[in-house]
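Dropping the structures in below, format is structure tokens.
Two complexes come next, and they have one chain in common, chain A, joined by chain B in the first and chain C in the second.
So, the complex of A and B:
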């Protein structure tokens, strides 16, 4: 936690994807999309939503959960909740 | 949680952000376009192109066939896929203990999207809670790994492996396996 508190939001986002999906940070780039890697399936997506909500202390609407189909989209959506990335 | 409303072509089912509208003649052009797209056709048991005449004949036959029901799934007013129920051996949908469901997402924007689960959740709630069906049985091409994974996320168990994989789903397994995804799609 101490390490996480010194991270930028961009680093926290990458870490959240890594922790939720069990992938390396090299895998997490803007182009990464839902259902294009084995780890980011519906189960991974649910864990990811939970992780992002915890890390950034937000509660995503269902429409945003559905719309969050890539890392780039996740950034856009989190920005709506006041998370600057 | 779903809401069901009768209409002249069957029942409208609403839940998990989507609306399942009974198939009508206004959907036929769109449905054939989806059905004939390479991505959908590839995973169909009959993977040939469907002509307009064949499609119309199939649709006309549905009117006097109580063994199947078809819906078009809408999200935010946009049709994005089709789902259906079929009874085995020509039985009526409502008087059958086992049904075979079908689904495809035709709209490219939603093919790799969590919303693909929503029509299935709405339909299966209707099947298990309102129709009181005991079991759903799906048949999937063994090459269609995406559909096999999808079905297993819903709680299906494989009962037979061949060129077609047969999977079975009971209400208890469905309820247990879909709690989390239902929660996300019902906020």
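So, the complex of A and C:
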């Protein structure tokens, strides 16, 4: 795990996906979608939500959790919570 | 139970107990605080919460909110999320859904408001708490949830259809979530008290009590402490291989 305090929000986001889903940073791009890789299934999604909430110190609404269907979408949603990416 | 006993995963960690100012809630808070946990004690009565903090030895953090207020519940979990990095508080590893309302009314005299109240406090609120608590626990792949259900929910009781339905709903969610959350290292269990002497049952006359005791094999009421000991057992690592279980604390009660 990288040292998070010196990372940009973009780097933290990628790292959160890597840590939560157990994938490499090359896999994490805007186009990556829920349920298109084995690691990002409903179980992975739960871990991902928990990871993003901890890393960015936010608590997501259920509708946003359901809506978070891609990396790009995750960025848009986090922006609503004041996370600039 | 003797405290602190070795191997308690609660030591240095935090837990949330709802209905902390009630008869059973106070005993649960006291047990958990003595086992070394930081206890977020939830209740609506600030004065009662403050006296609880004064009375209980250990770390108790009062949280003044109504469990049916969805925004207030989110706020409580935001607070816990923010505070768990404080070494004095520690990772959030336990939730006890204990707040409850019991309104007796036969079907003919019941109304939708009473049904909604009991469903809201006993089930919907407990469900939202489990949803938010599990998200904090997933991060550490560790946690335990204990729901305080009821023998009335397990067996039914005349004049208590709304209450029993709300508790049976929570039993169902307990069993399903035990399966769903197991991959994340989160156990979900319940305790099902029978007749316990608390403010909730204080209005029972001696005649009514005798009628209840005649249906209890052990012929007496239970104590809040006995329920709290069962909660502590299920929360802690001594029940590390137990999930989806409903533990009766009822003297073998037949409703």
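What we mean here is this: the second predicted complex is superposed on the first by the 83 of 85 C-alpha atoms of A that agree within 3 Å, B and C clash if a C-alpha of one lies under 4 Å from a C-alpha of the other, contacts with A are read in each partner's own complex, and residues count from 1 in each chain.
The criterion applied here is as follows: contacts are C-beta pairs under 8 Å (C-beta built on N, C-alpha and C of every residue); 3 or more make two chains touch, one makes a residue touch a chain.
Remember, it's a predicted structure, so these values are computed and weren't measured experimentally.
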{"item": "Which superposed partner A:45 touches (first chain B, second chain C, both, neither)", "value": "first"}
{"item": "Touching partner for A:7 - first (chain B), second (chain C), both, neither", "value": "neither"}
{"item": "Which superposed partner A:37 touches (first chain B, second chain C, both, neither)", "value": "neither"}
{"item": "Of chain B and chain C, the chain that contacts the larger number of chain A residues", "value": "B"}
{"item": "Partner chain in contact with A:63 - chain B first, chain C second, else both or neither", "value": "first"}
{"item": "First (chain B), second (chain C), both or neither touched by A:85", "value": "neither"}
{"item": "Intersection of the chain A residues that touch chain B with those that touch chain C", "value": "43, 46, 49, 62"}
{"item": "Interfacial residue positions of chain C with respect to chain A in the complex", "value": "74, 77-78, 81-82, 131-132, 134-136, 138-139, 183-184"}
{"item": "Chain A-facing residues of chain B, complex", "value": "17, 75, 112-115, 117, 146, 149-150, 153, 180-181, 184-187"}
{"item": "Parts of chain A lying in touch with chain C, wherever the complex brings them together", "value": "43, 46-47, 49-51, 53-54, 57, 59, 62"}
{"item": "Of all residues in chain A, those that touch chain B in their complex", "value": "33-36, 41-43, 45-46, 49, 60-63, 65-66, 69"}
